[in-house]
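Next come two complexes, and both contain subunit A; in the first it sits with subunit B, in the second with subunit C.
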Partner chain A sequence: MKALGFAIPLAIFVALAIFFAVGLTRDPREVPSPFIDKPAPSFKLEQLHEASRAFAPEDMKGKVWLLNVWASWCVSCRVEHPLLVEMSKKNVVPIVGLNYKDRREDGVAWLTKFGNPYSLSAYDVDGRVGIDYGVYGVPETFVIDKMGVIRYKQIGPITQEALDATILPLIKKLSA
Partner chain B sequence: MVSLARILTRICLSLCPLWFSVSSVFPALVFSTEAFGQAEEVARPDPGVEARLKALAEELRCLVCQNQTIADSHAPLALDLRNQIRTQIAQGRSDDQIRDYMVQRYGDFVLYRPPFKATTAILWAGPFVLIAIGLGIFLVMVRRKRAGAETPREEVSAKRRDELEKLLADRGETR
Partner chain C sequence: MIPELGHFALVVALALAAAQAILPLVGAATGRGALMATARPIAAGQFIFVVGAFAALASCFVGNDFSVANVANNSNSTLPAHYRFAATWGSHEGSMLLWTLMLASWTFLVSIFSRHLPERMIARVLGVMGLVSMGFLLFMLLTSNPFDRMLPPAEEGRDLNPLLQDPGMVIHPPMLYMGYVGFSVAFAFALAALIEGRLDAAWARWSRPWTTAAWCFLTIGIALGSGWAYYELGWGGWWFWDPVENASFMPWLAGTALIHSLAVTEKRGTFRSWTVLLAIVAFSLSLVGTFLVRSGVLTSVHAFATDPRRGVFILLFLVVVIGGSLALFAWRAPKVGLGGGFAPVSRESMLLANNVLLTVALTAVMLGTLYPLFLDALNLGKISVGPPYFDTVFYPLMAPAIFLMAVGPVASWKQAALPDLWTRLRWALGAALVASILVPLVAGRFSVGKLLALWLAFWVVFAGAVQVWQRLKSAPQAGTWAKVCAQPLAWWGMTFAHLGIAVFILGVTLVRGYETEQDLRMSPGQKVEIGGYEFTFVGTREVPGPNYTAVQGEVQVRRPGSTAIVETMRPEKRTYHASGQTMTEADIDTGFTRDLYVSLGEPVGDGAWGVRIYHKPFVDWIWGGAFIMALGGFLAICDRRYRLRKAAVAAQAGLAAGGAKA
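Take a look at the complex of A and B:
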C-alpha cells in the first residue's frame, strides 16, 4: 500500500516529464502541412526575369522538382541560399523559385548578388499563390514528384541536416 | 490594459522574422496596418462585411504570430488573409466555405475550434479522461480510507469504553 502511494505519483511525474521533454524538442512553427500527398495547386504567373513568359506547375510534369518560396526581404532565405546554389551546381533537380511579395527589381538584384540557383522564378507579387500553397513563413520548400504531387514541405530555411537526412534521399527515391 | 496588449503585440512581432523583414523594407505597409481599424484597411468598409469578417477572423489562427487570431495580428499574412476573406464574402461565399478554404491551406491548426476527429480526439477528450481518472482515484482513496478507518476504531473504542467506564465507576460517577 505504501509502495503504491509512492509509485503512482512517481509514474505520473515520469509520464509528464516524458511529454514535456518530447514537446521541447518539437518546433511549434512546424505545422503539419495539409498538402502532403496532394496535388500541387495550379497557378499561372509571370516569370521574375521575363514578365512576358509565364510559368505553371504543369510545365514540370514528369520531373521531380523543388518549389522554393523566397524573397529579397527575407533574412533567413540568405541562410539557405548557398545550399540551393550548391545543389543547382550539382544539377540534382530543377529548382523553381517562387518570388513572394517582392519588388521585381529587388528580386532580380538579390539573385545577381547572391547567385541564381533557380531554373526560373515565378513572380508572386501579391502573395496569392503563396496563400494557395499555405505559405506562412518564408522560406519554404516543396518537393514535388513526377505526377505533380507534393511529397514534402520544408518550413523555414533548408539546413544541411534536412537536406542530407530527408530531402536528398526523398529526391533519390522519387526519381527512381 | 491597452498598453499591455500593445507591449505583448510588440513582443510577438519582434519575434516574427517574416514581419520583421517586411517592416524593414516596407515601413509604410506596416504602419498602415497599425490597428485593426477597418477604415485603414479598406477605402469604404461595408459594416455588414466587416462584422462577418470579424466573427470569422476571430476564430482563425494567424500562422505567423501563432497565438494571435487573424483579426488581431499585424502580420502581413494576416492582412492578406483578411482581404482574402473580404473578397470571398463579396463573392457570396458562406462562412463554412471560407473556413474550408483556410483549412485546405493551413490545416486544422488554423481553427481555434478544431473539429473532432481521429487526430484531434486526444485534444478534445483528454481533459475529460483526466478528470475521470482523477475522480476515480479520489473515490477509491476516500472509500479505502473510510473502510480502513472504521474497523480499527471500533476495536479501540470498545476497549477504551470499558477503561473509561471503569475509571468513571472508580470515581463514583456513572454515565
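Take a look at the complex of A and C:
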C-alpha cells in the first residue's frame, strides 16, 4: 500500500505527542539534589542581628530544624514569609535563616517590617555558604534531621501545598 | 484603564480570528463568494486589534504601571526607557503577544500582497492562519494573560532579567519570531493546496517568496541570539546546542530544505508531496519549539517561563494543528502525483540529496534534544545530551551536503553530464585544495578536520566564483555591469546565500582551530601576552549605572615591545539593584580578522581578579556569514518574476497544465 507511506509522518508525530504528554507529567526541575541524605555542609557565620555571635549547623545537633535561605531583595521570599511566620508561632521546629548576599541593615529592617520567624539568621554576605549548599535561587529551604543530615530541599518558595503534603509530615516522622 | 482596553482588544481579536478561520473556509468549501470575500477585511480587523493590544501592553511597560502583574514582574522604574519597551516581550506573556502580533502582521501582509491569487485559494490560506491565531489568542487569554492586574499594586517592579538588558535582546526575539511565524504562511499555503487538491508550479511560486522571507528573518534571529550569547554570557561561546537554541535551529533546517524543495517544485513540478510535507514540518517545528521552551518539558539555561498547565494547552494545540495537518497530508497527498522524472546526475538529484541530508541532520538534532525527554518518560533516568553528541553527528552529515551545494547550481536540470561538471569545476577543486593547505601552514596548526572544513569552505567559494564567471562570460550584454544586471536577482541571491555558508564555515573553523583562551589571576600592573597582543591589567573601580552598580576593570592592550596602547578594554561585573543578580559584561574589541575578548571573573583578594582573556580569530565571520545568507534570501525575494503578477499567473496556468500531463 503506497498510500500508507503518506501516513508515516502522522504516525511519528503521534508517537512524539505521547512522549510529550508523559514528559509533561514530569518535573524537569526535580533534579535529584546531591545533598539529600548527606550531612549538611558545615560552616561558621556571624549572626544577622548580633555580629559578635556565630552560628554553626553543629549547634542544632539533636533537633529537627529548617534552614531557610532568604534575602531582603528577594520578592518570592515575601510570598512564603507568612507561612514561615505562622509556623514559628506554632513552634513546630526551629527555623534558622540564611540571609543570603544581603546588606545587614536591609535584612534587619525587612524582618522588623514583615515579622521574624527565625530563631536566628546566619549572615552569608558573599554567598559562600549558599554555594556549599548548592543554592541556585532564593528562597530555598532545607529540612535537616537530628543527626545533621539534609532530608529534603524545597527549591523556590514554600507553598501551603508543599508544607502540608511534604514538609510537615516529614518533620513529624523525623521528630518521632 | 489601558490594561483593560488591551485585554478587551485581545478578546475582540479572538472573536475576529474565529470568524477569519470559519467564514472563509466554509465559503471556500461551499463555493460562496460572499463568505470567501470576508477573509481580507476580517484579517485586517484582527491585525488592528492585536496591534492595539500590543500597544496597550507596551504603554503599561513604558509608563511603569506596576499594578499589572506582568509589568511588576519584568520591569522597574529605573530601567532605561528602551529596555522598558523591550521588556514588553521579555516575559512569557509578552512574548506570546509578540508571537500573535507577528502572526497577525504576516496574515495582514498576505491579504494585501495576494491580489493575484484565486479567491478560493486566499480564502483558505487566510482561514488556516486564522485558526492558528485563534489557538494563540485562546492560549493567552486562558493561561497567560499579559494584562492580569495585581492587588495591591507593587510599589516597584522586580526588574527585567539582567541577561535581557541588552541591545541584542531588543531585536533578537522579534526577528526570531518573524521567522518562526513566517513559516505559518508556507504552512497555510500547503494546507490550502492539500484541501484544494491542487499542488502545482503556481502554488510553489506563490509560496516561495514568503518562505524565503521567513527563512531570512529566522537566520538573522538565530545569528543575533548566538551573538548575544557570545558577548553576554561571558564565556565566549557562540553555540551551546542548548534545547532552546536547537528549538530555533530545527525549523531553520526544515526551512532550508523547504526553500530548495520549493525551487524544484516550481521549476520542474517534482517533489510535490515532499515539499508540502516540509512546509508542514517547518511550521510544526516552530510550534514544537515554542512548546519546548514554554512548557517546562525540557530544562535549559534559557527557559525563563516554565509552567506545566500551559504545557497541556500547547500540547493539545499541537495535536490539533500538527496532527490535523499531517492527517490531511496522509489523506490528500497520495492524490497529488509525483511530477516529472530525472536522471541520477542532475540538479534535481543533488537537491534531493541536499534535502535528505538536511532532514537526517534535523532528525539527529531532534533526537539529541528530545532524548533526555524519552529517557525520562521511559523511567530510565534523567540525563542531558551535550555538544559531543551533536558535534559527532552533525558535521559528518553537513559535509556532503555542503560539497553538493557547490555542485548543484552548476548542474543542469533533469540530466547533467559528469565529465562536463568535472571540466567546469576542476579548477575550483584544485584552488580549494591549495588554499586549504596554505591556511594551516601559515597559521601553524594542522589537523584533518580543519583541512576538510577549510577545503569545503574554499570549494564553495571557488565553485561559486567559477559559476559567476562562466555565467557572466556567456551573457550577451556588452559591459560587465550590464551583464551583472542581466542575471536574475534570485540567482544572485542563491550565490550570496551559498557564499554566506562558506564565510560561516571559515569563521567556525578558524576560531575553533586557532583561538587562544586564558583564564588568569591578575594583580594590578600584571602583564600577559596572548595571540600577539600584550594585555596589562590596570585595576578595577566602581562605576554607577542607571539600575546597577558595576565593578569596571581596565585592561590595556599593546603590541609586544611597543608602548602605544592599541585599545583600552573595560569589562564590567554588574550588580543589579532590584534583583541582586550579578552579570558579567565582557568587553570585546571587534576586528575583521580577530576579536579580543576580556571578561572579569571573581575578585581573588588584594585588588587581584580572575580575568578571562580570549583571542578569537575570524569569529565575527560566523555572524557575517549568517547575515550574507539572509542578504541572499532578501535579494531572491526581490526577483522581478515575483512581481510580474498577471503575466506570471498566465504563464503558470500553462505550466500547470503541462505539469499535470507529465
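The working rule: the second predicted complex is superposed on the first by the 151 of 176 C-alpha atoms of A that agree within 3 Å, B and C clash if a C-alpha of one lies under 4 Å from a C-alpha of the other, contacts with A are read in each partner's own complex, and residues count from 1 in each chain.
One rule holds for everything that comes next: contacts are C-beta pairs under 8 Å (C-beta built on N, C-alpha and C of every residue); 3 or more make two chains touch, one makes a residue touch a chain.
Please read these numbers as outputs of a predicted model, since none were measured by experiment.
Once the two complexes are overlaid on the shared chain, A:C74 sits against subunit B and subunit C alike. By the document's definition of touching, of the two partners only subunit C reaches A:F6; subunit B does not. When the shared chain is aligned, subunit B comes close enough to touch A:G134, but subunit C does not. After overlaying the two complexes on the shared chain, residue contacts for A:K101 are found with subunit B and with subunit C alike.
Once the two complexes are laid over each other on the shared chain, residue contacts for A:I167 go to neither subunit B nor subunit C. The intersection of subunit A residues touching subunit B with those touching subunit C, taken from the two complexes, comprises 28-29, 31-32, 71, 73-75, 101.
If you check the complex, the residues on subunit A that touch subunit B are 8, 28-29, 31-34, 71-76, 101, 106, 126-127, 131-134, 136-138. The touching residues of subunit A, when paired with subunit C in their complex, are 2-3, 6-7, 9-10, 13-14, 16-17, 19-29, 31-32, 71, 73-75, 101-102. Across the interface of their complex, subunit A is touched by residues 17-18, 20-22, 24-26, 63-64, 66, 76-77, 80-81, 84, 103-107, 109, 137 of subunit B. Subunit C makes touch with subunit A in their complex at residues 158, 273, 277, 280-281, 284, 291, 295-299, 306, 308, 311-312, 315, 318-319, 322-323, 326-327, 329-330, 333-334, 370, 373-374, 376-377, 382, 577-580.
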